[in-house]
Amino acid sequence: MIETVIRKRIEILADQAQVKRVTSIIDEVGITGWTVLPVSSGRGREGRWREERVMGTDKNLVVTIASQENSQALAQALAPILTSHGLLLTMWDVEVIRGERF
Amino acid sequence: MIETVIRKRIEILADQAQVKRVTSIIDEVGITGWTVLPVSSGRGREGRWREERVMGTDKNLVVTIASQENSQALAQALAPILTSHGLLLTMWDVEVIRGERF
Amino acid sequence: MIETVIRKRIEILADQAQVKRVTSIIDEVGITGWTVLPVSSGRGREGRWREERVMGTDKNLVVTIASQENSQALAQALAPILTSHGLLLTMWDVEVIRGERF
Amino acid sequence: METMGIQALTSPVILFFVLGLLAAFARSDLAIPEAIAKGMSLYLMAAIGLKGGIEVAESGLDGTVLAALAAGIGAGFVMPIYAYWVLKGFGRLSRINAGAVAAHYGSISVVTFVTAVEIYTIQGNPPQGYMVAVMASMESPAILAGLLLARGLGSEEGQSRKELAHEVLLNPSVVLLLGAFIIGMIAGPEGFADVKPFFDGLFKGILCLFLLDMGLIAARRILDARSLTWRLVAIAIVLPLVNGAIGTVLGVSIGLDTGSAAALGVLCASASYIAVPAAMRLALPEADPGIYLTMSLSITFPFNVLLNIGLIGALAATLTGAGAVTP
Amino acid sequence: METMGIQALTSPVILFFVLGLLAAFARSDLAIPEAIAKGMSLYLMAAIGLKGGIEVAESGLDGTVLAALAAGIGAGFVMPIYAYWVLKGFGRLSRINAGAVAAHYGSISVVTFVTAVEIYTIQGNPPQGYMVAVMASMESPAILAGLLLARGLGSEEGQSRKELAHEVLLNPSVVLLLGAFIIGMIAGPEGFADVKPFFDGLFKGILCLFLLDMGLIAARRILDARSLTWRLVAIAIVLPLVNGAIGTVLGVSIGLDTGSAAALGVLCASASYIAVPAAMRLALPEADPGIYLTMSLSITFPFNVLLNIGLIGALAATLTGAGAVTP
Amino acid sequence: METMGIQALTSPVILFFVLGLLAAFARSDLAIPEAIAKGMSLYLMAAIGLKGGIEVAESGLDGTVLAALAAGIGAGFVMPIYAYWVLKGFGRLSRINAGAVAAHYGSISVVTFVTAVEIYTIQGNPPQGYMVAVMASMESPAILAGLLLARGLGSEEGQSRKELAHEVLLNPSVVLLLGAFIIGMIAGPEGFADVKPFFDGLFKGILCLFLLDMGLIAARRILDARSLTWRLVAIAIVLPLVNGAIGTVLGVSIGLDTGSAAALGVLCASASYIAVPAAMRLALPEADPGIYLTMSLSITFPFNVLLNIGLIGALAATLTGAGAVTP
């Protein structure tokens, strides 16, 4: 059987304009990488949005895999701006192969 | 340490034409929001699909974060149409900050 | 209450050029399906990438839901090429309805 | 007639389609981004709508228009009925799938129509501008007919019925085609002058690239197809032959000119691959797109573009006694 | 004047915008892929920049240019101030939201300007090429003013201030508009000849499709809007009326010709929906896009395109005594 | 020669490229959607293929074509070999990375070629249409050569070898270029007339926007680059100088006209950034795109576009004794 180790997967939904800020914080915390996925529409307390790529007010999903400590550090670093910057953060445990990379 | 609470993350893969139906059910169940991600191709029992955005027969991934009760209600509401409407539903526990929002 | 069963969700981040190889392995292992999501940018040990769809050096996220045995078989089949082919694999348990499908 | 067929086959429009088919059959990875393909499809609908409206603004409307509209709408309701029985009987499809496929064959394909207009215009028999309105009015009736056949009367709940009416009346293709047609009628030739380089000058070139993509997609679907039987392939070739002939005879009999009668034939012969698949996904999600898309897109569409448009043009010319002008 | 208004309303450019509004209000699913819409928006900026630069290369620059630039930049700083007080007082917005909305109204909308140029040119009063440079220079000052109003002096930390300076000076719209303007000035009419079919020939046609999309998006935003009050709707109509009149009078008073004075009026009247929303998302993420985008895009933009451009043109013609030429 | 260089640098095509470079170096967020960029790249390949085919249909083929094809294919196999040794020795790259980079320099860049054709045509030395076929035939040989160098003979398993043959022969760029070339030969000038506004009229304008995007991407890659050493930068400038001179001499020596010899030089000098990177991702996934893409896209491509095309044109003119005509 393949040996796997447990790491945290953190996903942050962020405005296009905030992605740079989020990924810089990921870098600063010392996490080795991240990946950005496009998002096409959604609804929240502020109502529904769609077709906002032209206006630059669309969103992206930033995904990063990190060790428990790094993920704690990231959550801590992001917590103060979650509400003001409209970020949505979820995280959970995942199994990865080659755990030394994260 | 940042305090997190456990919520359900539910992801529903749905035909483009069914997204509106799925998100209305999410709204009706009382969940506060959802987010739609584009999907580019896939394979299932019906075979392989790709390049179907032009024909409007492509798929999307609807992601929603909800409390345990709301997620149960959503699963219950979607269960009868999962097969007939070709939906694929997965859900799992995630940690979120600011749990009162979901 | 709706009855759910536990399955594995496996997500593999792969270069556009490697997606065909990854999905063939998923098919060979006997998993019933997979879904591909677009990815727009990222950073890893090799540095930052973005705007590479024109050059064909962009990435995709391959998502597949499988039984525990099939997911083990997939992890085993992918493990030898993870590093050489630059794949990033994470997996975790999810609840699904209609478990007999996976 | 032969020479004309061959002429059409050396037009870049058709050659790019063939290139797409060959590239995909050879499993090349050539692909056009979906956003570009969708954009080209919208462009073609806006342009053909506008051009039709402007022609009508110039020529005015006479009585044959109403006859053509009635013929098109009638055919859209009737064709799915016999198609359904053939698909269920000979084709061995389930009720749901037979209804879904029947809806596709009762409706129309904008790009098949556009390609036919190009070819008939080269041959000296340009269809009238109002045929665009006929096309737009033929998009939806077959959706209704197909759903009735698949589900029976009164089976829809209120919610679905509302969705359905919405889909049928406000279908994006119908809205854009008719909207642009009306804009063309209001703006007229003077209003059109400024936008002509875009909507007219680029038309054939964009049609080339769009058909390249259609060739790629049509061939790839066949390669991926699982549910296709020889019976369904046969139906996907015979139906457009029969529908095309019926449409052409209908057109001639109500007094349409050669090009317009042939265009009506092509509309009847063509099968939808944009408006109806989207409607079926919504209203008949149980139906298998592996069947209806593969039949309409991968068999009927190439058959019409490469052969049937020529046959229908020849039939119309024969029936109206109009010799095709070799340009 | 009436007839001119009506003439403009039968131009395909305006008709496609109306089609988009109607389709979305009727809840049709018609949609243009975002990549295509974004591409058209970049095309329009590059083309208008180039054309402005080439006109300046041909005509040279005189003293009024500097006056026009100063007037535009000054207006960009001043308009947000009174807008802010109205929005906070009468509009009952929070400080943050009032500052964000004020920034939108102080800045400009490229497509409103482009539509006005088309209409004034048809009416025989083409604005001068250098107005493109005035437009580019008016994009950013209001962003600064709006942020100062929302946050107060000295509230920004170093990091944000750098980000902000970057956003204001190197905003994609400003870079593309000014860049293309300078390219046009360097390349001149001869250099332009080869690219004219693309940047000039297609311009109006692409503007049609872009305005179709704007109509769809503007109407859908209203349907989805939650935070809009009648007070905000009133402001979104009165502000462009007032700003348009002020800008026109300003333009006439510094000696601009009829078309250019009207264009300055339109720039003042228009509200940004690309550059400023992106900047606000970055610098004022707490502000509610449900307010600022809905006001600028769904109310002010249609109001300007359908009515206010005509009113401003009439005002400029009256003030300069120039009768509009009916083409 | 100087004046010509400067003339080329005031062409909008080059100026848009410079705008892209400057905007990205200044860290502006200006970006063209990837689907649009990909669509423009496909358009450029289809258009240049078509135009080449039509020229050949008009002019016919003579013996020099075969010589040019042989020269191109030969160069495609030979250039990677010495490039590999330089990259491994002086460049200090691993075997895998040296092979991957060598493949890029042996193959060609369609947009560099297209830009050169525009410039040489302005200078009165238009290359022959068949050079498009030479370009298409030069895309793949270097992929084979590079892989052999990186992996050694016989290292590939059966599966990979099949994938590789597929990639080399049915590479999307090759299929589209050659396919469009053949369509052009079949359709000829009459068939081309209808699609000319699209494939010819828009060509330079679309090239402008595409080069804007290339400038943005090339500059951003440099800013993000981690693995680039001064040795690699030197190679990325010297190799195109050497390869360009060799290609030009080769072209003149087999009797090509000035423009075609220079075009062969440009093909040799240019480095692939579409076909080969995709092939390397498939066949040499261990190689670092941070090296091969940055060298070919961010150093060699700008160097060729801004300087080397001019140098190669001058060399060809000197060798053939043809004075460049100043238009």
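To keep things simple, chains are lettered A, B, C, D, E and F as they appear, and every chain counts its residues starting from 1.
Operating definition for what follows: contacts are C-beta pairs under 8 Å (C-beta built on N, C-alpha and C of every residue); 3 or more make two chains touch, one makes a residue touch a chain.
These numbers were taken from a predicted model, which means no experiment stands behind them.
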{"item": "Required minimum of steps from chain A to chain C, each step between chains that touch", "value": "1"}
{"item": "Chains touching both chain A and chain B", "value": "C"}
{"item": "Whole-Å separation of chain centres (CA-atom averages), chain C against chain D", "value": "39"}
{"item": "Centre distance in Å when chain B and chain D are each reduced to the mean of their C-alpha atoms", "value": "35"}
{"item": "Approximate Å spacing (C-alpha centroids) for the pair chain B, chain C", "value": "19"}
{"item": "Touching two or more other chains - residue numbers and ranges from chain C", "value": "37-38, 40, 53, 92"}
{"item": "Contacts with 2+ other chains: residues of chain D", "value": "31, 33-36, 38, 197, 201-202"}
{"item": "Chain-to-chain touches, reported pairwise for every pair that qualifies", "value": "A-B, A-C, A-E, B-C, B-D, C-F, D-E, D-F, E-F"}
{"item": "Interface residues, chain D side, partner chain B - complex", "value": "31, 34-35, 37-38, 41, 213, 216-217, 220, 224-227, 273-274, 277-279, 281-282, 285-286, 288-290, 293, 297"}
{"item": "Contacting residues of chain C [partner chain F, same complex]", "value": "15-18, 40, 46-58, 84-86"}
{"item": "Residue ranges of chain F in contact with chain E within the complex", "value": "10-13, 15-16, 19, 22-23, 26-36, 197, 201-202, 204-206, 208-209, 212"}
{"item": "Chain E contact footprint on chain D (complex, rising order)", "value": "33-36, 38-39, 42-43, 46, 50, 166, 170-172, 175-176, 179-180, 183, 186-187, 191-192, 194-199, 201-202"}
{"item": "Of chain C, residues touching chain A in the complex", "value": "13, 37-45, 59, 61, 72, 75-76, 79, 82-83, 88-92"}
